[in-house]
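By letter and in written order, the chains are A, B and C; residue numbering begins at 1 in each of them.
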Amino acid sequence: MDIKLTIDGKEVVVPQGTMLIDACRQAGADIPTFCFDPDLKLAGSCRMCVVQPKGWRNLVASCVTPAQNGMVIETESPDVIEARKVVLELMLARHKLTCHTCEKDGECNLQDYCYRYGVTESRFVGKVHSLFKDDSNPFIERDYDKCVMCTRCVRACDEITGARAINVMDRGHHAKIATSFDGELADSPCVFCGQCIMVCPVGALSSKIAAGKGKPAQNEKVLTTCTYCGTGCTLELNVKNDKVVGVTSNRDPEWSPVNRGALCVKGRFGWDFINSPERLTTPLIKENGEFREASWDEALNLAAQKIKGIKEGYGPDSLAMFSSARITNEENYLAQKLMRAAIGSNNVDHCARL
Amino acid sequence: MTNSINELENDSKCIFLIGTNTTENHPVIGYKIRQNVLKNGAKLIVADPRRIELAELADVYLPFQPGTDVALFNGMMNVIINEGLADREFIENRTEGYEAMAEVVAKYTPEVVAEICGVDAEDIRKAARLYAESEAAAVCYAMGLTQHSTGTDNVKSCCNLALLTGNLGKPGAGVNPLRGQNNVQGACDMGALPVVFTAYQAVTNDEARAKFEKAWGVELSGSNGLTLTKAINKAHEGEIKGMIVIGENPMVSDPDLHHVEEALDRLDFLLVQDIFLTETAKKADIVLPGVSFAEKDGTFTNTERRVQRVRKAISNIGDARQDWEIICDLSTRLGYPMSYNSPEEIFEEIRTLTPSYAGMTYARLEGKGLPWPCPTEDHPGTPILHKEKFNRGLGLFHAIEYIEPAELPDDEYPIILSTGRSLYHYHTGTMTRKATGLHEFMPENVIQIHTALAQAKGIVDGEVVRVSTRRGSIDLKAEVIDGIREDVIFTYFHFAEAAANQLTNSDVLDPVAGIPEYKVSAARIEKI
Amino acid sequence: MAQEYRVLLEYADKINPEKASDYIKVGGYKGLEKARSMNPKDLIEEVKKSGLRGRGGAGFNAGMKWSFVPQYPETKYVVCNLDEGEPGTYKDRIICQKNAQALLEGMAICGYAIGSKQGYIYCRGEYPFVVELLKNAIGNAKESGALGEFDIEVRMGAGAYVCGEETALIESIEGHRGEPRFKPPFPGVEGLWRMPTVVNNVETFACLPYILTNGAEWFAGIGAKSYPGTKVLTLTGDIENATYFEVPTDYLLRDVIYELGGGVKGGKKLKAVQVGGTSGAFIPPQNLDTPIDFDSMSAIGAALGSGAVFVMDETRDIVDIVNRIAKFFEHESCGQCTPCREGTFRCKEIMEKINNGRGSLQDIENLKLLARVMMKASLCGLGQAAPIPITSTLTHFEYEYLRKLV
């Protein structure tokens, strides 16, 4: 059964069970959210998405309120704007305002909404309790002085990864995200998948590996397939000045069909070998047991000469090739073609068995 | 995989994991299995000598003795047949060889199998019932099932189980090998195997060979080549004189490293193409710098046969070159000119010779990629294999007897050493040990040992102990845990300086697949 | 006219509340018997007809609440809210201590009406002795066969005020953090362990046996028309008789204080009275001639709530009291939604500032703004009601604030 309602003066028809937020967005309204995440269970707690149903005493959180027939909704009434501004001011009152050095600068919901509603400072600034968690793990920075308590990290940890490493601890203004007994992640069931970073709407959670190398909002993002296990997760290499400076992920199943943005510790944090100073940058030829740098021509000519020599001396089957489960299909194809067509042997294999 | 990854989260009603520590080795698949169990109440059976993370969620956990997989499968099938849980219709219409299989399986009662595997007979019954009674049951395995001298038998037994219960060709079911490396599926598909061209077209098949000879304009050898493990042995014997190694590290990954090193030392010529100076590259006469995945365009094929794009993000590092360009250059200098403008052009050639990739183009692979077979450009790809019929027509049951692992514990080497991977490292560590975070988090190898065994040996957690097999000894830090069988110890093979493969056995390989028995070596552990 | 009218407490201290047999002697378990002779639908109609409204504070029609429970699921639950966390409220404890069997009978009646075989009593953590009493009472009732197939389990809270909110209470029974759920879905559709659940207050349940025994019309005829029956009130503060009373719901607030309550302690003048617990409005003396029923109290911007009556004499410092209340809410906010988590804390900060003589007019403006948003945008009743003491005192006692400003 369809439901008809009016949103900002526009009539919309939505299927039964549709939440107001989706109906409002269908009507073209831009509804701000912190705790709402289409891939996670609803929380309804940040109260940023409140809207005004005509004739109701209170505002309602549009993310958890089902659309009802005949509702008349205002998404930017004076009451709604007042509530959103106060919510932002309350968040701002305890937020570590270090946007200039924040990894999330440029794609932070708090920043964007403060901009949208012209909230430059908070009228509610008072005592500040630092919740920064000095966690020695090498992957995830936990700066809860930037946390807005949307609990998306808690839900992602449970509902995507299933690690259940973190939850809310303490109450009220003192509530915070913590592992059991407020310990370090390494002593918890955390598997450092970083799904918490992926869903964090602000800069509270970020990658220590990528820190300071480039703000994700400013990086070029190249969608590619992970180089580790055979699951074939899609990830985004973050590029700045022709250098890989981080990994993020795309949650759209049309672009990330296998993992829908979820990654593991290797995929999300194991990318900086790319920039290792130990990378080979020039051909090497061994002479008297020592390597020396060589030109491509020299190395390739010498290699061809050696291979030809063996082939001529002992036949093609005295040569063998180990191709690689790491390189691309195209390269594997050429490798076996080289072995079979150029050298003339079927002695080609790779580490499928190992 | 016969089926696709997301079915394990959404469609499977029962998942049987054997020889896969999924949450560590295929973490994202592990998440999906966990969510299916937690959210949808899917049943979970875990068979593993180690109490892996997912064992905690399992309805039945079978801590069976390494190498007794065939017995376990036969035991489960015995229960299924005797309790009338087999899918008679599926067996009737889609399989053959049932009688011979059933005859063998009849001997493997749960009591007999319990004795062999060291698990409870009742648990075998429970597992069999859960698997057989579920609407759609998937079995997933990884190297824990295959790296045995009976690896091929193990896989066939696994297929028997699926055939017996009709768990093939439908959503949520299937026989699902979880492949360990990003493009191991693709390397196989592309014919980087000694017996086949692309798409598993046998080199011994005249018709196939003729096709490739025509396409490549050259006469091709019709005799099977050597597997990697055999090639190492032949190098050791002096029959292989030269080797080209591209992005592989046998000096860490292959069994019995002492033997591998001797073999490589005896070569006249070793060419290594890699991104780091690996332990193997150090042995080379010439090293050519290739590029990492971040620097290249192309495709990888994942474990569910999905061909996906790899996209170049940055330029080559230093003077390194694209791997495909290096191969072309070398080939040209060997007198067989190869010339392509791009990986896409290579892919276009691949699909003309590879029926299962024939319908794919880079344009079609944009976005979600395509699972093969995809024979034509209007074909949507095939997420589930064997829907209507099997490749050979009818599914074939194999009658398989249990054979003991090649190297069983004895007085001198009384426990079983098994090897595998950690969540925090990958294969020979070439990449992960140079990733700062991963290296910091897990800088060194450990040996996992059960509390009771540790106590008997007077070993405490964190103590450096000596682990020895007939191949050699290494010293490792003990990690004393409860989640492992008392007669099994386990270590990782990522660490060249404490290389597990100094201990493993290169003498015994699976007769068909040539896979080494990494999961069972007779070993000894002692205080230093 | 200032008389108590005892229904629930008629046999207080005359029967042993743990003993079903004592209760049966004075007419107990007749209501359940009658209920079970009825068709569940008719039973719900009968309860609706009695006009019984929730005694926990929200004042929702009990029969109506039950009628929202779908019939088809096999498992449904009856949950009794004995969290009684409102400061100054102890009427549920009194009902249990004087007439526990009536509560059990009421829950069983509800169970029959909605098709549930399992009840839970969620008991305030500070009442371990009541848990003991209830367990004995349940054991005795089960033994006597009076409850039939209906089982009741007692669960204990751990001191969180917010667990008096029905969905937070459900979360707590499930073993989770005591945090309210968003509604809908309401517990009647998706409650305890996601199954349909009726949550009612002790007093609501305890009314049921008498409604069934004496008929809906009888109950509807007692007290105020729109909120019939009796109400157990608890008097605290500057009052001579700081104790409990059961009165018909059309009883005047003035009579509660000056007749039953014996007047302000020490013969002092009354400054204010707060009805319904800590989140209740402060009522000035000029509004005392209001009946205590739900709607009459609403009409003067107050709430009957749990029925706590907190009396303050002329010497009391209103701002100081509200400051303490603000502290209470800052402490009891669960921390889930932003307006309440941050708002209760900032309210407390500003109240402290004003109370310490450092506040300005701007602070009062900020307080009003904060209160408005908390009331309109908080997730649950706690955040919505927490500013009421502030707003009601700013309305009636603004001068007390102004004189403390810088």
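Here, a residue touches a chain if its C-beta (ideal position, glycine included) is under 8 Å from a C-beta of that chain, and two chains touch if they have at least 3 such contacts.
A quick note: this is a predicted structure, and the numbers were derived from the prediction, not measured.
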Touch-based graph of the chains, sorted into line, ring, star, complete or other: line
Greatest separation from chain B - chain, by CA centre: C
Centre-to-centre distance between chain B and chain A (centres being mean Cα positions), rounded to whole Å: 28
Euclidean distance of C-alpha centroids - chain A vs chain C, Å: 46
Where chain B and chain C are represented by their mean Cα positions, the distance between them in whole Å: 63
Chain C contact footprint on chain A (complex, rising order): 42-48, 50, 57-59, 61, 64-66, 79, 82-83, 86-87, 90-91, 93-94, 123-124, 126-127, 148-149, 167-168, 170-175
Chain A-facing residues of chain C, complex: 160, 177, 179, 182, 184, 330-346, 349, 366, 369-370, 372-373, 375-379, 384
Chain B contact footprint on chain A (complex, rising order): 137-139, 159-162, 186, 191-193, 208-209, 220, 222-234, 237, 239, 242-244, 253-255, 257-259, 262-267, 269-274, 276, 278-286, 291, 294, 296, 299-304, 306-310, 313-314, 316-354
